[in-house]
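Next up: the structures, one after another.
What follows is a pair of complexes built around chain A, which joins chain B in one and chain C in the other.
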Partner chain A sequence: MSKVLTLYRQYRLDRRFIFLSLTPILLLFLIFSIAPIVWGIILGFYQYSALYQESPFIWFDNFTNLLKDEVFVKSFWNTFKFVGIAFPINIVATLILSLGINKIRSTFWRNTLRTMFFLPTIAPLSGSAIIWSTMYKNDGGLFNMILERLGLDTVPWLSDPSIAMWSVVLMTLWADIGFNIVIFMAGLDSIPVQFYEAARLDGASRYVVFWKMTLPLLQRTTLFVTVMTLISYFQMFPQFQVMTNGEPQNATMVLALNIYSNAFQYNNMGYASAMATVLLLIIMVITLAQIRLGRSKWEY
Partner chain B sequence: MRKKNIPYAILFLVLLLGGCIMLVPFVWMILSSFKSNLEIISSTSILPKAPSVEGYVTVFRDAPFVRWLMNSLGTSVLITLGTLFTSALAGYIFAKFNFRGKQALFVVLLGTMMIPFQVVMVPTYLIISKLGLLNNLMAVVVPSLVSAYGVFLSRQAVEAIPYEVIESARMDGSGEFRTFWQIILPQITAMLSALGIFTFMAAWNNYLWPLIVLNDNEKMTVPLALVFFNSKNTVNYNVEMSAGVLIMIPVFIVFLIFQKHFIKGLTMTGMK
Partner chain C sequence: MEHLKRLRFVMVAFVLACMVVSGCSSSSKSEDPGSAKVTLVWWTHDNPSFVAANKKRIEEYKKIKPNVTINYQYFPYDAFIQKAKAAYAGNNAPDIAQLFGTWVTDYAKNGHLATAPNQEELKKNYFEAALGAYTVDDQIYGIPQEYNLENGGVLAHPKMFQAKGLSYPPKTYAELVDAAKQLTVRDGNKIKVKGFDFVSGDNIFFTFMSFILQQNADYWTNDGHVNLTSPEAVTAMTKMKELVTIDKVTDLTRFGDNLDSSDYFFKGSSAMTIRGPWTIANGVNTYKVDDFDYIPMPSLTDSPPYFAAESGWGEVVAAKSKHKQEAWDFVNYMNGKEQALDFNVTTFTVPARKDVAVDPAYLQKLPKLKTSIDVLKYGKWVGPVQDRDFFVKQVNDNFQLIASDKISVQDGLKKIEKSVNEMIDQHLSVGKKSS
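For the complex of A and B:
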């Protein structure tokens, strides 16, 4: 009987503890995460602006206007262009680099190389964007100085609509490949050495070892890396705002920047929210598809 | 053996070259910071011809530079401490207690990680303005005190602690909160330091949200400050670069000192 009583007392204490500690946390979570998500989606159906008193409900008008909005359509495709170029290069390059660095026998040099590649990731993106815009300058920028020294034509890195996006991609890759290199290196480290020994004894070629063993065993790491990289690339903002601000001719106008400008410069918050909802749908579809496709079949 | 060494040497040299290229922008930043503004605009030389500290002097003279550093440090520390506390506590509850709707709540929590910031940006701005926190440093802190990812990582870490440990603490008459503070926390410090480093870095480097809610020069955080010189003094590249050096180099030094923890933390948060 007394055991039941203590159990009951414990139960009551547990309830109280859960209630007292979880309530403030969930309240913060509700106010600054759940409510904004719901509100953000709803705002897309209103003509909302902080400047006006009235904010009428306008059904799907914002969304139909989006289709007619040339800048939006351009920013939509630009976002895919940016991700479509930067993401595959990032994944392939970081995979190759981490395989390479992991082959280095000296621990000192392995760590030093990793640090060299990682250093740019700890600098604020806005600051890095400023450094890169001075390097990209037409006159007196580092890249054109080097081209001149080599006797080549200079390149209008940020002012030519057909080049600007590539320049931003290059800067982005420099700024964040370090993350994925570190994670891939750890993933490679966690594959048991015996597997490689067994493969060698079986006479498997390096090509076979990589495609049939390393890559499948790395699947969990790859899934994490690809999901995180895609989600962050679709939302990339600082370098676009600082380096080009969408110019020239909206060639580097991406959704994230377009949403920011509409919401906080033109004060079209409802319209901006409709755009954000489109971005949300893109990211959700892609993330869920990836998780589906990439679910790991390997355990070790 | 010798045959094998040549490709290895090539691999090493290529990687070393790549690593050095990664450092070029920082070297460029440091070199430019010692040039005069005129030299940056007109010269075609990579090295400063007449080194000057004009840029550095301007940073301290024309801007509340120390204030900016303090703003960033203060907000980032508060966000980090807050996130660690709420993550650990919520993680403990999700891992070791049962209550109605727990699973659903956890799924919702994880789901929010997929939501792009652009979706919540406008409503959060409106909420912050209703709370009267616009242009206040607390506007940067308050929305970032709970992290879904942090709760997720903490739950994983706490789940590894056996129930017996908690039971025996209860037997000794320890209250629930004391059990959490004295028994659970010390067992998940590795995870917490990893989470702490990342929360701090994300807060320190965050650009978009402070850009939206902070207006006054006095209130700016470091990432905004770097851009401040870009827009206000349109062509003062040497000032921008000096500010960049002053802000980035100390962070690099701190990073190099704590590198081991940092990398371990990154891989730990990444692998789970």
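For the complex of A and C:
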């Protein structure tokens, strides 16, 4: 009987510990994550501006207006275009680079290269965007100076609607790939060496080893990298605001920038909240699909 | 004994408390309310010449009213816009703010600003275009320090005209376009030096509005909406498009660039650039150049060179300020004739006060601004645009599409008109003034 009582006391103590340790975190999560999301969704149904003294409830007007708003439609497709270009390049490039760096035997060079690629990630994105803007300048920009030296035509990097998005993608990749390289390298390091030795003994080619062994064993890392990259790319904002502010001809107007412009430039917070809700739904659907597709059932 | 001690303690405490209370009340009674110590918080943007002028006023005011301390804070333009919105929305606004006129309407009609105390005097002494955005329901909510105009004058390089043997300055619109064509320098398909540049965030919009006004037409309807599909609006937009597509004196390559179109002018990348006179300060102070003029922009038609103008920077006092009287005293001091003249001279801005504009001392100190002073009489307040940035963006976005032949002039104007009128409806449906 006393043993049962002791176990029960232990159980109650454990429960109390769990309750005490989780409550603050859950409260913080509720106040700073869930509440703003819910509040943002609710605002989407109001004609709300912080400056106004009245904010009428307008049902779904903000959402139906989105469909008629050409800038929103353009920003919607621009966001997908940006993600569609930058995301696969990022994943493929970072995977190849991390595989390459991982093959280097010298610890010094491996660490140097990893640090080199990671350095731009430390710099604030808006700061990097300012530097890249000066390099992209039509007159006197670094890239055009190089092109001129080589006897080639200069390129209107940020002022041509057909080129501007690619220019921002290039900058983003430079600024961003270091993070994924480090994560992929950590994933590669965690694959037991015995697997490779066994594959080599079995006479497996490099191609087979990569496709049949490395890639499947990197599945969890890949899932993390793809989910995080996709979410951050859908939300990309600083470089678009600093480098182009959505120009030329709204060719680089992405959803996050459009939300910002409506909320803070035009004081149309209700409408901006409706846009933010759409962005939230897009990210949620894609992330859930990714997690479902990338689910793995193995351990090592 | 113990009881007596306690009683003595209570009496001493009571006497001390009485002394403290009487001490406090006697000091506030004896002091003149006008000399009580007051700290006023004043926010502005960080344009260096504006800051210099503002700091001068603070130093002067310290000597006149030593009891008033001005806590002066200035912020980068973009940050300032957001900070001001957040502060007024959160009822935590500074006592005084130097706001751009066109923003003032929204703040005023939502009850965030105090009405100016000297209404009739302001109406008499200030240009109507300068006061326009500060006025809601016939009440003035601030005092403008400048008459903001982006039109009326053109930055021009006389040496470029001389080198080509062209008559200077161009007297008619046709002469201007003709000169611009000859002054445009090309490198293959690209323009190296623009003959006449108007492609910038403000100037596409204001050139368009001015071209409509110069045809003796208006872009406002009687019910406070815009009419941008009139034949005059079509002509105005067509003329602007032709400058890019037929005359080829400018292009869209620098639109949205980090540098202002006036920066390119001062670097010699355009022969003529339509821009506000306030950019002259940039040329003189930053680029250290003086080989340029600010010449009159000829009218598109035979009519006078009418133009649309915004109400420029000026001071407002928060409705929730605890020191409204002191704040207005300081604002009134800043806008005295002598102080206003000094502000306009220091900042290269056009006076909002009529008597400063006609004061010979102004043009003596800023001869380059003669063009702007001469055209002031043709200026019309741009009107109740509600959301200025949204309106300007609609015009800019669609002009770019029109000039790139992606949509027709008529379709572009229809789109601008529709979206701007929707925005106006939205603004008119909420935020009526509370008082």
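As a convention for this text, the second predicted complex is superposed on the first by the 269 of 300 C-alpha atoms of A that agree within 3 Å, B and C clash if a C-alpha of one lies under 4 Å from a C-alpha of the other, contacts with A are read in each partner's own complex, and residues count from 1 in each chain.
Simple rule for what comes next: contacts are C-beta pairs under 8 Å (C-beta built on N, C-alpha and C of every residue); 3 or more make two chains touch, one makes a residue touch a chain.
None of the values given here were measured: they were computed from a predicted structure.
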item	value
Chain B versus chain C as contact partner of A:F17, first or second or both or neither	first
First (chain B), second (chain C), both or neither touched by A:A123	first
Partner chain in contact with A:P238 - chain B first, chain C second, else both or neither	first
Contacts of A:Q219 with chain B and chain C, given as first, second, both or neither	neither
Partner chain in contact with A:F264 - chain B first, chain C second, else both or neither	both
Partner chain(s) touched by A:N102 [first = chain B, second = chain C, both, neither]	neither
Partner, of chain C and chain B, that touches more residues belonging to chain A	B
Chain B versus chain C as contact partner of A:M284, first or second or both or neither	first
Partner chain(s) touched by A:E247 [first = chain B, second = chain C, both, neither]	second
Shared chain A surface residues [contacts with chain B and with chain C]	50, 133-134, 139, 264
For the chain A and chain B complex, residues of the former touching the latter	10, 13-18, 21-22, 25-26, 28-29, 31-37, 39-41, 43, 50, 97, 100-101, 103-104, 109, 111-120, 122-128, 130-135, 139-140, 142, 145, 148, 174, 178-179, 182-183, 185-187, 190, 220-221, 224-225, 231, 234-235, 237-238, 242, 255-256, 259-260, 263-264, 269, 272-273, 275-277, 279-280, 283-284, 287
Chain A to chain C touching residues, read off their complex	47, 49-56, 70-71, 133-134, 137-139, 153-154, 156, 158-161, 244-250, 264-268
Residue numbers on chain C that touch chain A, as the complex places them	81-82, 85-86, 88-90, 106-107, 110-112, 188, 190, 252-258, 267, 269, 387, 389-390, 397, 400-401, 404, 406, 415, 423, 426, 429-432, 434
Contacting residues of chain B [partner chain A, same complex]	8, 11-12, 14-16, 18-20, 22-26, 28-29, 32, 40-44, 46, 86, 89-90, 93, 97, 99, 105, 108-109, 112, 114-127, 142-143, 145-146, 148, 170, 175-177, 201, 204-205, 207-208, 212, 222-224, 226-227, 230, 237, 240-241, 244, 247-248, 251-252, 255-256, 259, 263, 266-267, 270-271
